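The same chain A turns up in both complexes below, where it pairs with chain B and then with chain C.
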Partner chain A sequence: MANPDLRRTDRLNGWLFVMPALVLLGLFMVFPILWSLWMSFQTGRGMTLKFGGFANISRLTQDPVFLHALSNTAVFLVVQVPLMIILALIFANVLNNPNLKFRGFFRTAIFLPCVTSLVAYSVLFKSMFANDGVINAFLEGVHLISEPIPWLASPFWAKVVIIMAITWRWTGYNMIFYLAALQNIDRSIYEAARIDGVPAWARFVYLTIPLLKPVILFTTIISTIGTLQLFDEVMNITASGGVGGTPSDSTLTLSLYIYNLSFRFMPNFGYAATVSYVIVVLVGILSFVQFWVARDRK
Partner chain B sequence: MTANPLALLGRTLTYLALSLAAFISIFPFYWMIVGTTNTSADIIKGKSGFGSALFTNVANFFAQVDVARVFWNSAYIAVVGTVLTLAVSSLAGYGFEILRSKTRERIFAALLLMLSVPFAALMIPLFMMMAKLGLINTHAAIILPAIASIFIIFYFRQATKAFPAELRDAAKIDGLKEWQIFLYVYLPVMRPTYAAATIIIFMANWNNYLWPLIVLQTNEQKTITLVVSSLTSAYYPDYGVVMVAAVLATLPTIIIFFALQRRFVAGLLGAVK
Partner chain C sequence: MSTAMQGLRLTFGAALTTTGLLFGTTAMAVDVTVWCWDPNFNGATMKEAAERYKASHPDFNLIVVDFAKADLETKLQAQLASGTTDGLPDIVLVEDYGAQKYLQSFPGAFQPLSDKVDYSAFAPYKVELATLEGQTYSMPFDSGVTGLFYRTDYLAEAGYDEAALQDITWDQLIEIGKAVEAKTGHKLLSLDLNDAGAIRILMQSAGSWYFTPDGEVNIAGNPVFKAALEAYAKVLQSDIYKPVSGWTEYTGAFTSGEVAATFTGVWMTGTIKANPDQSGKWGVAPIPKLDGVEGATHASNLGGSSWYVLSSAPQKDVAVDFLAEVWGKDVDFYQKILVNQGALGSLTAARDGEAFKASDDFFSGQPVWQNFTTWLGEIPGVNYGLFTNEADAAVAAQLPALKDGGSVDDAIAAIDAQVRQQVQ
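Our next item is the complex of A and B:
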């Protein structure tokens, strides 16, 4: 097949096949990315924008709402992502045991939350965590608490609800990746370790986790990007009267702030674009750090 | 293994922990179904047994929402979006594999880099573009930006690597043109890949929230996801109605999940293969 004529038609056909996608990506991806970068240097309201240089960037550092959104997002990231990854790893490890009874049932049950839409499960959580709702009723019923917990009214508990909600929705999703990866690991490694008297927890820490490192890295990056873009939950669980991020902005995230800046208040597209680039930069930095932490040390 | 009391304790604890996790995972589904039969006041008071308000809730839902219209909007966006995304993105995935040139790798690397650009950074320019094109409040504005999906292109390119080159060579010797090979050889052989990709794209379209929230402004255009959200965002939401809407929003994806369980999981895993 080293015929130069054939190679040329291959190349021509290849470009033809790729072209529709490239044109669309140029229009709806590359162009908006560049436009938004340009916009982040513009100030003004509505559609009348003028060049403001670094005005938006210096505004970021003095904007208490932005700093609040940034720190909320950081809390979600630092608490939720490790919690979920560890839970998913443990479940995958337990459910990988072929001698476990009802394995299929447990796997399906833990995975099931992934089939819900983010908005639908959010409204379920909102009603479950109502002040007199089913969660408080249960906790009072088993005498774990004597007063109802103000889940959605307290800044602290509202964050806890969001973290629990995301963990509920995504743990099974991550678990599936680990289960698939575990099936590719040669079981004889485990047998050898077991015969050598290595206890189960040590096999998990010193064998499973290092062997799964590439998948853990992948899921951590995906989860980080997802959490940095957190929107649906804080717009629907911790919201009242159509305003998300309640109470008193305690669950306001960067994405929600961008939405508020652009579409809830008098639109401020330039500044909103600057905030969106904060997410781009954070995704870049965190992905780099995660790659660096997971690199092969030789 | 058998007579060791410590191992027995460990196993009991494992089953207890798994049962608890399964219970927590399933409870919200039960809550949703029970909720459709209860009044809003009962739901907020945490009533977890079945009630008798199902017909009232369904009737109220149909009175407040043009259900057929909303369901049609969601289905239209999801189905048309899925078909177009499959066509354009699988064509590109295949094209990238047959395209043996250095530029290809550069373009592909750039695409992968763009995969990590969050939607928040795109939505403002996209909104302004749609405003200029007069597409605000149309379904086209929802479908168009999603057709060329980097993730799905990547998925198809990875899968195409397993497509036997001999098949393509044989088809060429038989005198088939490239588009014929794609249509009559590649497409049937790659059916499992298409099935998995269909699930990913359909779910993403059906559940899409932020972009439709921005673009779709009148009730006539709204999707079921937007309706669930707006029913809940009232100061005093009628949770009985909300539960009925949530069931309608979740049902299609649950049906797809149980019908195609294995493909479904394969679809989610597609990215790492």
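Our next item is the complex of A and C:
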């Protein structure tokens, strides 16, 4: 690390320059992370906390609500992330075609959802998917259904609405990464493939996807993290009377459970911190698995 | 320019402060902030109280900040937990179910009022709810005594008059609902499957609760809880209600005339009366009774809340004095908020007032206030404990299964397991 050519004062100067950033990082990132780790070993109500050892961790294993939230989060993850990644890849590929008219318009239109406010679009989705909302009115209008679908009242459909909502909001965001990466792929590779008579679908599967692998890995990991932290949508779209995760906790996510434990139920910050560390551990494991699956096999 | 202005403002402000210190009562406005929900009800009563206090304290200025109830509760809890008191109000409304939770979780956050308020003048159960270790913290406000609010015109069309709605059971209510829909085309009720309030009403009407008076979980093996779930499951399985999601949709269904009735706390009066064109078309009956349960009554409670002063509040002395002066003794004030908002206060002396004896034209000339006061005296007392939200969440999670005909025993087992796990 230390460069022997540098004089002592130069090295000191370097440290002084990065010091402000390091201090801020330490104060606002490292310290809260360690503090929440310490909190996760505390039990008690509200501000009256005491050290409880592994009590919170053993509580986790017996908590039906936690397990329910975990399985809901897993469903969102397993269904939504692949769906969104595939959609984003397809959109990116289509919109990368130089012969397509209004490319700029379509790109903007698909990217636009991710700059809207989470709460604003959630409120809009809630009204659209209401029993007498525009979605049901449309489906009934074209005679696809005869009875309104209970989007927000049925545990199954509520999950579907949440998956549609986050897919709508984040597909464009991922697409932009793929579009940028596609610009960097040498056109001559495709040209050579075309001359060799490789059909379009095979060019996509055997050229585009392998060449985009690092970007796909990156977007998969950030999407996984985002879905594990899912909160705004289930707090706003599938909420009733200020209580999120309805109906019958079918859209309760880990983040929402942390919120309930801290701010809605008898405040239990220790246990809430423990649940938040579950998300940290899950993100770690899943990222490791994704790196491992996408590793270069030599 | 701007610096000069600032300097001028500073001098001016300092001068004002000095005079304020010297003379005590100058024209300096004293801003007292209140957090509450339901502007038609809690907000309106607070504004009325402020008008009265202003008559003797012209510099008093009340700022009512209106939230949705769940938002207020989470905001209050988050802020108390953060330890910073900036931005907290002087007075906050707390629902009775949550009072002990706040008092026990955040010791020192609320101002004890025992030496400022004569609590013997209030309904004892309200005082007890806000008492912890010998200190009482609340200015008791309204009762949530329940009633069945109904549209007299729809019910009459279906063949039910006032007398036919006295002393009915929940099964009979379902029959009435069927008749109403057959004759008028209107559903009887609007129900939210995510709201466990109905179970609370049913349980307390027979003197039981999620918890025993000692705070132990009282769900599995509690015959009243089982009867309440069974009765409500039958209602959910019947076709007499419009399923709604959220408070606005729920109240909108009966204030718009779409459904014929609702069973809820007396505080709903403010919302119902906010539609003067429906005057004379409403009536109030006692809620149905749980069939075959020992100790079952037609009286119960839903919600009800009280005012609390934050001990960190900059104007807490003014706030306490305001509450003690108006809410603590002004009998005439309680007559006014009763008629206008349906706020059935807990000051017992107020119940001898004129308004409590009068009949109400909005409610087809029925002596509704007298009825509510009678029912109030009949509510079986229960201890709400600390974990009503947790138990509510566990119950709400099972309601869709019950609606679809699921086993009540399975639901009870699941609720019991979840609540036991949550109350540690």
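Please note the rule applied: the second predicted complex is superposed on the first by the 285 of 298 C-alpha atoms of A that agree within 3 Å, B and C clash if a C-alpha of one lies under 4 Å from a C-alpha of the other, contacts with A are read in each partner's own complex, and residues count from 1 in each chain.
Simple rule for what comes next: contacts are C-beta pairs under 8 Å (C-beta built on N, C-alpha and C of every residue); 3 or more make two chains touch, one makes a residue touch a chain.
Predicted, not measured: the structure shown is a model, and the values here were computed from it.
Contact with neither chain B nor chain C is seen for A:293 once the two complexes are overlaid on the shared chain. Applying the stated contact rule after C-alpha superposition, one finds that A:202 touches neither chain B nor chain C. In the superposition on chain A, A:269 makes contact with both chain B and chain C. In the overlay built on the shared chain, the residue A:62 is in contact with chain C alone; chain B does not reach it.
Judged by the touch definition given at the top, the superposed model places A:240 against both chain B and chain C. When the two complexes are overlaid on their common chain A, residue A:78 makes contact with neither chain B nor chain C. Of the two partner chains, neither chain B nor chain C is touched by A:192. Judged by the touch definition given at the top, the superposed model places A:86 against neither chain B nor chain C. When chain A is checked against chain B and against chain C, the one touching more of its residues turns out to be B. Contacts of A:153 after superposition: chain C is touched, whereas chain B is not reached. Comparing the two interfaces of chain A, the one with chain B and the one with chain C have residues 47, 130, 239-242, 259, 262-263, 269 in common.
Those residues of chain C whose C-beta lies close enough to touch chain A in the complex are 68-71, 73-74, 77-78, 80-81, 83, 101, 104-107, 192-195, 243, 245-247, 386-387, 389-390, 393, 396-401, 414, 417-418, 421-424.
Every residue of chain A that touches chain C in the complex is listed here, in rising order: 43, 45-48, 59, 62-65, 130-131, 150, 152-155, 239-243, 246-249, 259-260, 262-267, 269. Those residues of chain B that touch chain A in the shared complex are 14-15, 17-18, 21-22, 24-26, 28-29, 31-32, 35, 43-48, 88-89, 91-92, 94-96, 98-101, 104, 107, 111, 114, 116-129, 144-145, 147-148, 150, 153, 169, 172, 178-179, 182, 203, 206-207, 209-210, 213-214, 225, 228-235, 239, 242-243, 246, 249-250, 253-254, 256-257, 261, 265, 268-269, 271-272.
Those residues of chain A lying in contact with chain B across their complex are 1, 6-7, 9-11, 13-22, 24-25, 28-33, 35-36, 39, 47, 91, 94-95, 100-102, 105-106, 108-128, 130, 132-138, 168, 172-173, 176-177, 180-181, 215, 218, 221, 225, 228-229, 231-232, 235-236, 239-242, 254-255, 258-259, 262-263, 269, 272-273, 276-277, 279-280, 283-284, 287.
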